[in-house]
């Protein structure tokens, strides 16, 4: 921990970075995001199993401009990111939202986080994404901390859920999702918390013409959730923040997970894993699956 | 409503260069096919947004067909390749959330495939007839009515026939 | 089959072309046109040495050697009279050896072949030499699992 | 908004299964419809007048015509609307014939469908916006790539029409393959005699800028406005100073180190050379790879003998930029001449013919050089190996061509003719010689072509044998050609003194990379694709890029020349106007809400999307957004569907219009 | 590297010396073999020319045995065996129907992808340097005509190791032994082995042509890698002599024998005395110097 603080302090003091986005502890099993610009405040920085937030969501063009422009000079922005958060950063770089050269990634060898604040960190309370995580060491970073530790064992309930849904007949499935989507109160917390929902104006806010009905009724709820899932298909890096944010407990990341499985299945692609691989949306292969087409 | 006399409503999004022209050829060849399918012409299959399909269902379609040029024959070189990727995804998503694959069908029909166009329309219409009206979606539709073109004359009954008891604007 | 455009490159390169009654490409032509009987009766498939020269050089990548194998197989199945009957007899004798011993047994092979063809004096010049040099074993090399070989023969000889 | 609805009966084509008056009646009831009428033939003059008069009388803003396919008469009705003062894009066509009356039998069903189709079109037209055609300026200069006969013809035709031409040739001289040929079929006139005057004309033409020993490096821009970067390779000779006296060539001590590629490697050339005596321009090139000066820094013999001080060892490649309005690609062909070890080439070699192993097994172009009066043997037919006159010669057709196993399925088209010509030339020159031709089919379509082949057989006694050769091997200085006469059903063996292989025509080296540079599609062999195989054979699918000659597919000289003239006339048509008009169906970005993810840039097949900086009032960039170049955009709309924030709209097919159509389903 | 060994019938009888010399040579070069237990005939050529199913089953039985024995690869020194094994394996890989049929016949499932190598590949892969290192005898006077025969390099699409028309791999091995190789025309021409017994007339004609071409091109020994070819070219020379009285005896060696010679083994050891034609290394030298 001291190393992290020392490093952040050095970065800020040397003037290399304008700010450090990180976590601070608020109670025993709870952290909060913090943006630090004063070297003196770096002592608040922590990294542990309760650093749940995906801080990549703060990497927006406007915020970077606001934080990093210092007297005609553009400084770097440092961010503490779990290996899985780095995937989001990679995706953002690939979608031209940030520039790799202006981001200083401080990452950690990670052995998982708790599913939510207040839970003990153990196999029973492991966050869903950590169960199948394959990147305990970040794929891209500028500074790496932390020791390699074993991840607690847990069973993959999400995949079992997907299998269960897939085994239902279509009409039941439709009713199931209709019911789930119907809980939506259109608070758009899922959108706000998603690092990849960076659009200045969301499709659902476009009213001339009206793309998605925003009134709170089944049809509009359905359309919004389907299009949200589709817009993240092949882009979602699986951070699961939408699930945590949703006040109505709609299984958002379940659909995202299913679509990520399809991306892997159909196109052997996993989002946010490599800066060199072209993004799935926006590229094509002449040999893509053609079975669909008569 | 009498299921025997029920006729499905099908929307087809087709590209201007291949499938629309293929449909023209089906016409000049006087090939016969069911009258349930109405074509919406776009420039390229690459420009069809998934929202179009949701909108079609929202407007009471029982099925949707998307069709464009064969791979490598796109008038715009690669539009259909991007479309194919998009549909590969969207189709899986729709299937997962419970919309049967037959409701949403895809094809490549070239300008010279008038016969294929007629066959595809016939097949899609029959498939959807066999599946019956898309009541699940229509139920959602009925919950909150939307404005759609006026129906001044008797011959065109309201679009949402199944729920004609509900009030429509 | 419809791949063949009758360029004749197969016949041109065939090492045993001079001994054949009709050119290999003509066998293909006959089959293409449906004259199966004429094709099956021809000596050509039997004289084919299976050297694959035609298959390797075919501009249409048609595997003529394999095609000839198939013609022979059909000819046997249909019981068409084989003009080059010695060749067939040899093949049969050879397969009998394998069937019985699992490996080729040359003394038995030659003996059976000669019994079948009554061509007793061919190779009299080489056989004694072979014995002297210890190349012909008087006893066959039997493999252990002859049952399996026999069953393979039995299963594959069944009518299709 | 006042909408006029016009339902056409199309004689009985529509009205036989669609109740047209009823359709017109129903449409009259839709909101916004001011006038609705049905008529026998809307596309006829009276029909069009009906539309025009209605527009005037009812002061219509938009019209919907229910008729045949928009591919048939959209333009007709748009023109009618324009002449009555309505924007042409305020016209919608509902396809009541091809998509309705012709394909359905039931009158009730097709009438209902017709009404629904009309309803969709009416809803769309309500959302239509007036559009104006896009005007693009035209640079009236053409770039011709390739200085063979096709390039020469295209350059001359364009230049004679009064436009400037930049002719780029990668070799030191123009002339191409035609300058290598001895005599041409079917007239047997001397190739160089008819070509050389054209070459000189190109050289002297005031409108043609000739750039030899140069290659196209980069092409930017779009129709009417291309910006081309051309690399001029270092000749190491100052073109302005050189008088073409040839002293350097005569005195160069390196005589036998480099094969003469113009002579198809049948002879050597010095380190400083012109490809052939009639070369245009007649300026030599120093070959760095063999010149002693570049190896040891010594020699400099040419430097000493050149009294005009034209030798410049330090010369470097230079880049030149040209603005052109059209590009004519005429890069031509080369012969399939892969030796037995084909390496990573996509074509396999011909080991069975000993090609590349036996010196007297040569290809068609090599025979042309041997038969040419200006060639290495001064026109005498001699074997490359020992210089003997071959008394028996075998020609083999379809070597490479029509041979799937070697990677080429197509027919090279010219081999039948040139083989007949070569056999004829041989018989004319070697009276006691025998000529055999192994062929599969004779394809002699063309004026006087079949007669020419018959002449070879009947008058010159060339022996044609139908069958592909399987193997060639050397025995006692003869080449045993093993074939089969498939007509006689007999094996054939010929002990020839020389064998000529009519190898396939394949695209010139680098054709594929050039196609990518220009942005034109090509087939799996590397031949450039035409926009339409029948109706647009000289245009590429990229607007403003035209094709001429054998770069598109195998062609003989008259075909290449006519294609070149056609391509030139396409360029001239383009230059007839100062500005270029094009359909306004293009995509446009809403810069206010563009998030700058640039997925549109990734999916655009035409590279029409650019990065645009949005500046605040102090001139400081505060945002990068996508910008679509309207000249380049072809209007496919793939970007509109890919855009996640829906910041792009395709004019003429915008989302509001399509939603309206869906709503009216 | 350890190799599975499939000798094939000929190597146990008419081509004993091939087997003997091969085993001696690899022993010297430090390559080890693991013979397939209870191998059976590959079915060449009689099986595949008359019964396709049978031929595939016979060939695959041996591959199956190798798999069961835990081998990764098989060396098949006989060109015909090699050809049958590799073609059957390829067919099974391509056509799931044939695969299933054969699997049912043999009541097994093929799991592993066993590589089948011919003798040339064996030496190219792990022999050339060792041959050069262990060279004991000067062989430069030998001018070998390398005879591949028809089955060793065909079909090139499946064998994938050398050019089908102008192969050069055997020459490379020959050069490693220090002997010279001549360029000649009949490298891959067929000797007619399939008709060795039933149509001896054909075989004699074809073999004679091959030998003559080698002589014309200045060879003083022929090197083969196939027992069938050897039988035809070596044993049939007597019949040849009867048909063509001016035929001169021409020595035909197995590739392994030549390698053995260069490694310093003597003729008897390698079984060269089992040939019908005489090959005495000393004689050849003598002949050459007499000519020269």
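Going in written order, the chains are labelled A, B, C, D and E, and every chain counts its residues from 1.
One rule holds for everything that comes next: a residue touches a chain if its C-beta (ideal position, glycine included) is under 8 Å from a C-beta of that chain, and two chains touch if they have at least 3 such contacts.
Keep in mind it's a predicted model, so treat the numbers as computed, not measured.
Note on connectivity: the fewest steps through touching chains from chain A to chain C is 2.
The most distant chain from chain C, with centres taken as the mean of CA atoms, is A.
With centres taken as mean C-alpha coordinates, the chain found closest to the middle of all protein C-alpha atoms is D.
The chain pair with the larger count of C-beta pairs in contact, out of D-E and A-D, is A-D.
The distance from the centre of chain A to the centre of chain E, each centre being the mean of the chain's C-alpha atoms, comes to 63 Å. With centres taken as mean Cα positions, chain E sits 20 Å from chain C.
If each chain is reduced to the centroid of its CA atoms, chain B and chain C end up 61 Å from each other.
Chain D has its Cα centroid 53 Å from the Cα centroid of chain C. Shared interface positions of chain A, i.e. residues touching 2 or more other chains, are given as 203, 211, 281-283. Shared contact sites, meaning residues of chain C that touch two or more other chains, fall at 53. Chain D has residues 352, 603, 642, 655, 659 in contact with two or more other chains. Contact between chains, per the stated criterion, is found for A-B, A-D, B-D, C-D, C-E, D-E. Chain D contributes residues 340-341, 350-352, 357, 473-476 to its touches with chain E in the complex.
Residues of chain C that touch chain D in their complex: 5-14, 17-18, 22-23, 25-26, 53, 57-61. Across the interface of their complex, chain D is touched by residues 163-166, 185-186, 213, 216 of chain E. Note for the complex: chain C touches chain E at residues 15-16, 19, 47-53, 55-56, 63, 68-70, 72-73, 76, 84, 86-92, 94-95, 98, 102-104, 106, 110, 113, 117, 122-123, 125-126, 129-130, 133-137, 141, 143-145, 148-149, 152-153, 155-157. By the touch criterion given at the top, residues 165-166, 168, 170-178, 203, 211-213, 215, 217-220, 222-223, 226-227, 229-230, 233-234, 255, 258-259, 262-263, 266-267, 280-286, 288-290, 292-294 of chain A touch chain B in their complex.
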